[in-house]
Amino acid sequence: MTAEQIVFLIVALVTLGSAFMVVTTRNLIHAALWLVATLFGVAVVYALLNAGFLAVVQVVVYIGAIAILFIFAVMLTRKDARDSGPQTHKNWWVGALLAVASYLGLSALVLGWSGSSKAAAGLPSGFDAVGQLGEALTSPNAYVLPFEVASVLLLAALVGAVYVAFNRK
Amino acid sequence: MTTETLIWLIPLPPILAFFLIVLFTNKSKALSHTIGVGAAALSWLASMVVFFRAIGVEHLGEHPFESSLNWLPTGDTFLKIGVLIDPVGAAVLFFVSITIFMIFLYSVGYHNFGQPKGDHDVAGLPPHGATVEEHGRKHVVPSIEPMYSRFFAFLGLFAFGMYTLVVSDNLLTLFVGWEIMGLCSYLLIGFWYGKPSARNAAIKAFMTTRVGDVFMLLGIAFLYWATGTLSFREIFTEETLHILGTTMTPIFGLSAAGLIALLLFIGTVGKSAQWPLHVWLPDAMEGPTPVSAMIHAATMVSAGVYAVIRMFPLLTTDFNGHELTTAMSVVAFIGAFTALFAATIAVAQNDIKRVLAYSTISQLGFMIAALGIGAYVAAVFHLITHAFFKALLFLGSGSVIHGMEHGVLHTGNHETDPQNMFNMGGLRNKMPITFWTFLIGGFALSGFPILTAGFWSKDEILADAFGHGHMAVFITLAVAAFMTAFYTMRQITLTFLGEPRTKEAEHAQETPWTMTAPLVVLAFFAVTYGWVGIPEHFPLFGGLVPNWFHEFVGGTLAEHPEALEFNVVPLLTSLFVALGGLFFGWLAYRNVQTPAEDKFQIPVLKNKWYFDEAYDFLFVKPAYWFSETFVSAWMDKGVIDGILHTFGKVTQFLGDIIRNYFDLPVINRFFGDGTADATQWVGRNLRPIQTGRVQQYFMLALVIFIVVGAALYYLLLA
Amino acid sequence: MNFIASHYLTLILFFPALAAVIMLFLPRDENKLLRWFAFGASLVPFVLSLMVWVNFNADQPGFQFEESYVWYEAIGSSLHLGVDGLSLTMVLLTTLLTPLAILASFSITDRVKPYMMLFLFLETGMLGVFMALDLLIFFVFWEVGLVPMYFLINQWGSANRDYASLKFMIYTMGGSLGLLLAIQMLGVLFGTFDLVSLYRQWNSLTADRVLLGMSVHTVKTIAFWAFVIAFAVKVPLWPFHTWLPDAHTEAPTAGSMLLAGVLLKLGAYGFLRLILPLYPVEAKMFAGALAFLAVAAIVFGAFAAYGQTDFKRLVAYSSVNHMGFVVLGIAAAGLASGTTDAAIALNGAILQMFNHGLSAAGMFFLVGVIYERTHTRNLEEFGGLFPLVPVYGGILIFTSMASLGLPGLNGFVSEFLVVRGAFPILTVYTAISMLGLLFTGAYILKGIKKVLHGPVNEHWAHGEHKLTEISTREILVMAPLMALILWIGIWPAWILNVINKAVVALF
Amino acid sequence: MVPLSWYLILSAGLFSIGLFGVLTRRNAVAILLGVELMLNSVNVNLAAFWRYGDVTQMAGQVFAIIVFAVAAAEVAVGLALVISVYRKRNTVIADDIDLMKW
């Protein structure tokens, strides 16, 4: 087992564990904080995959913006300081069963696929992943259009969020 | 102006007058009659010019005035119409224009022009008189006709029809004029349409003549087909006539010429009121008197005879001079029979105009019979003289009636019929001009020897019949002539002689100059016109005046008719029947005061041999039944619509069955409602799944996705 | 101008429909505007068709002003329009009568807008039939004309309108079923509906060919009768005529004018345009039967008219009587096609179509005039109206006389030509038809007698029932009709020349 | 070297946990948290496939970026909706928001 593998396993365990806490903890504030942990784990996974840019964006956008947004939302929608009542449905076991089933199904698919065991090729020397990504996002021959559409989507979401949440009184 | 142009123009003034009066001047009575009479004068003037130019032409028969133009395109050819004045045309034009002019003039007085408006007069009824105050005394005077202008318009249209008929060079325009006159006779007989008797008489006249007309139309179509032309001059060429004469038809073994002539003759039978289509003419006396004179004496009924005269060459194709062809025998028979038959009825009539009406029928019978035996010139001669003296008699009778109406207004007793001769008597002193002119007319009608025109023309017919050995015709006509003189004298005696039998007759008055002047003019011709046709071989008078008429009119025919050898038998006969009839008439009626004393009021005669009743039973009633019951109610509403409605009912029945036994139970109940019920049941039971909870939906979707995905994976991919 | 000159027929055909669509956007309650707009719109086709008449070259055989547009390529049908002397006469009649009918409807106050629109649509439908040189287009317009008429009767008719409109619709639709089938058969056989090429191909079929499993002869006979029945219903020929008195009687005045004036001509036109050229052999073979029906229509029509007590029914039956002469002429022409007699008979038949259009429209209008004032058509309630309405009376007598066939007026010319043409060909039938001609006189005189003559009618003379004289507008409707009636009666050459050339070229 | 399957297994786990959250949590905010987890698992997949495929093809990363954008938008609108609903109905419990039932 290489060092890389050991690091991966630790990161994976942390990520999955905190994720599990996100969906099980009763206190939503805690859940949001556990989410931060999960997202951080995923950022490390990106780093392990040599996707540095993604890792940074993960930290900045997800943790910096989205997770904080969740915390605000939780605080805004609390009736009182404490959580009251059960946080899950009575039939939560059905959801659990389905989740397990989908996990088993997906795992079976992954393990049943011959390509899943191959190792990653080494990066070419002088490979500039961030530069390549930037070019791909701005080149007319590649993904400039989806990129622009994404920006429009964000703008729409911005306007939409303001509109929906606006207090008309 | 060339004569041809002038001929084209002759019919125009009256028709223009018609349109002018109808469209513009109908409000002004004076203007209307000025236009009407003026138009008649213009046409008369033009006719005179044409006539005198015509008699100045040598051999007019071979070179008549004619002119034509293309009227109807028919396939590759044209139907031409045009004008023609040959000797017959000129002679007829002469009397037609004079009588029409005189009648126009007469109408002014007859319809009381210059008199005040009536108290209660309405359009559609004869005027009833007006009350005026003179010298502080109220009395009733005749009132002016409310539809005065209209009368002149109709007369104008009528005159147009007659002129068109006379000047036309072909059967088609002749027929046009013929029918226009038919319409006018309808309009004029029904002029006082407010009287039910008048409107029925108008329809009777139109329908009866139309019976003849449709046959005539067939004849025209036949002739046009057979010869390709309707122009007289083109038909009456030797080869055309020969072809027509030798083509046989399947009907009664007649030749084409004979059949056409007979078809056309049926038209004449209608128009000239010959038996068996004579019934309309006496009833037509419902019209104003100038109308009776115009239509029933001078022009329209003459038109019927004129048509036969025109068709004479066709009628006499194959005639060898002695033995009558089938067609000719028919014509001669109808003519002679009508002459006698109508004369018998005339004897028993009391209405002054009805006597004249039957007399007209009878005299027309003379002409037809003459044509039937081939006496062409005699027929034309009698046609013309008759037109003069019969118009005179009608106008005279109108004058009498008018005088009597004056008396009726004076006494105020409207019960007295001003037309009944038994209400008259002794009018010779009250109305001298009317009396003398009427007397002349009556004598002419009776054939008073030497002096009157009627003698010469009637004698010629009798002589012709005798001379060519048609004894049956001769005897019939002689008897008819005797009766003619008899009933004429009866009429004169009852009307003018003796003493007034009623108060009204005592107060009768002579009529104004517009009425008497035409009488005088016509009386002049009723006497003198006979002198142009005195046979050359006639004792004493023969040769004094050349027999111009025979020469002139005879020239119309391709084969100039021979002048007849003089024979004393017909002369004696006609002398006897005329004088004898007059004498016996005077003898029988000089003392008669009431109808009861009249020995000739025999019911069968008085009721016109029951022809009206018979026709009513045989034709009119069945026609009503056929129209109203058979065709309308039974066939259309009953059978045809019945079949249709049956279709409808059967369809509806089938529809009901399909609806009740298939659509409703099977389609509606089972398939339609059944499907709906099933769906509703399923829906109702599935409804609880719709919780509105997104997570449950999602869960369910996932369950199904996983199950289906797994199934697909294992069943298909693996 | 060039556009107009090269699209005369399309313009004439579709202008009324276009105007009707424009009317849709006019305010509903502006009756005056709607009336004048409809009237003006119907004058345009009239002016255009006058221009076509002027520019028409009678001496040139075949169709003129032809226009052809692809319409339904897959089945070989095209919007092929064209006129010859025969159809041009009918087009002129239609475009003349429609403005008059609209002018006659100015007294309508109930739902003016749809009423006027229906009239304009009706005009397009009728014109389409006369102009179409394509069987399918012919049929389409044939049916299009029915719909506005149905609604006119059904919505603006008098008491018994439901029965009448339904009868009219079902009768005509039923009749045209066979027509549609026969047209489809022709289309399937030849792959085209174009009339000009059908004339050629259909008649060049040889007798030994087998079509649809039957001999050519059988097929043609069946198709012939399918056509005949469709047109016979429309003409209408005895015994298919009973829809006519009902429909005419119940229809509004202007509707009857067009119904009698133009719609009946569609049937006769079908005989001339389709049956005679497409089925010369069958027409000859069955001419006797056709003539029999025609004579039955003439005689029974006249008698039935005489038996009516409803003024409008009387006039309606007179149409049966008069149209019988048209078919008699056609039957004669079918029996002896190519001869001069046939040409004369056809001249007469076509002119009779035109003439009947004038006089029947006039008669129906006059009945309408008096009905509007008295609200009754019962002849027994009239009588003695002449002194009250002298001008109306004069006009009525004039028009009646045209209908009666008085020489000097138009009806005589055409009837004479038909009789002259048919006499040598169908002697016995023509002779029997004279009975009908005689009774034409009887019912016309009955009408005049019952309406005008007699003692002054006190009921209509005073008070609230007082009969008013015919108005200027109504006189204006009659004036062109009367002028034409007189003009054709005196000098028919101007119109007969065009008809005659067409007849000579066609048959 | 870590094989591709490890990343995929990790991603599958993350996904299933998110799914569980989405299906079982009552609070709407918590459901959104689950959604975030699922989106992250997808991103992990995308990055892993990029790395283990042809690294010069940037499709995997580009997709991941776009998923970021979508996730941001989703959260923004989603939370706005939750707040809006909370204002109107005074609850964020998903089961109480069942207006769309029969």
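Note that the chains are named A, B, C and D in the order they appear, and that numbering of residues resets to 1 at the start of each chain.
Note that a contact is a pair of C-beta atoms (placed from the backbone, for glycine too) under 8 Å apart; a residue touches a chain by one contact, two chains touch by 3 or more.
Predicted model only: the values in this text are computed from it and were never measured.
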item: Other chains in touch with both subunit A and subunit D; value: B
item: Whole-Å gap between the CA centroids of subunit A and subunit C; value: 85
item: Whole-Å separation of chain centres (CA-atom averages), subunit A against subunit B; value: 117
item: Distance between the centres, which are taken as Cα means, of subunit D and subunit B, whole angstrom; value: 111
item: Between subunit C and subunit D, centroid-to-centroid distance (C-alpha), Å; value: 80
item: Residues of subunit A whose C-beta touches two or more other chains; value: 89, 94-95, 98, 102
item: Residue numbers of subunit D (touch at least two other chains); value: 19, 22-24, 95
item: Shared-contact residues (touching 2 or more other chains) in subunit B; value: 695, 699, 702
item: All touching chain pairs, where touch follows the definition stated at the start; value: A-B, A-D, B-C, B-D
item: Residue numbers on subunit A that touch subunit D, as the complex places them; value: 2, 4-5, 8, 12, 15-16, 19-20, 22-23, 28, 31-32, 35, 38-39, 42, 45-46, 48-51, 53-54, 57-58, 61-62, 65-66, 69-70, 72-74, 76-77, 79, 85-89, 92, 94-96, 98-100, 102-103, 106-107, 110-111, 115-121, 123-124, 127, 129, 132-133, 135-137, 142-143, 146-147, 150-151, 153-154, 156-158, 160-162, 164-165, 167
item: Residues of subunit B that touch subunit D when the two form their complex; value: 687, 690-695, 698-699, 702
item: Complex interface listing, subunit A residues touching subunit B; value: 89, 94-95, 98, 101-102, 105
item: Contact footprint of subunit A on subunit B as seen in their complex; value: 695, 699, 702-703, 706, 709-710
item: Subunit C partner contacts - residues on subunit B that touch it in the complex; value: 22, 70-77, 122-125, 172, 175-180, 183, 186-187, 190, 193-196, 199, 202-203, 206-207, 210-211, 214-215, 217-218, 220-222, 224-225, 623-624, 626-633, 635-637, 640-641, 644
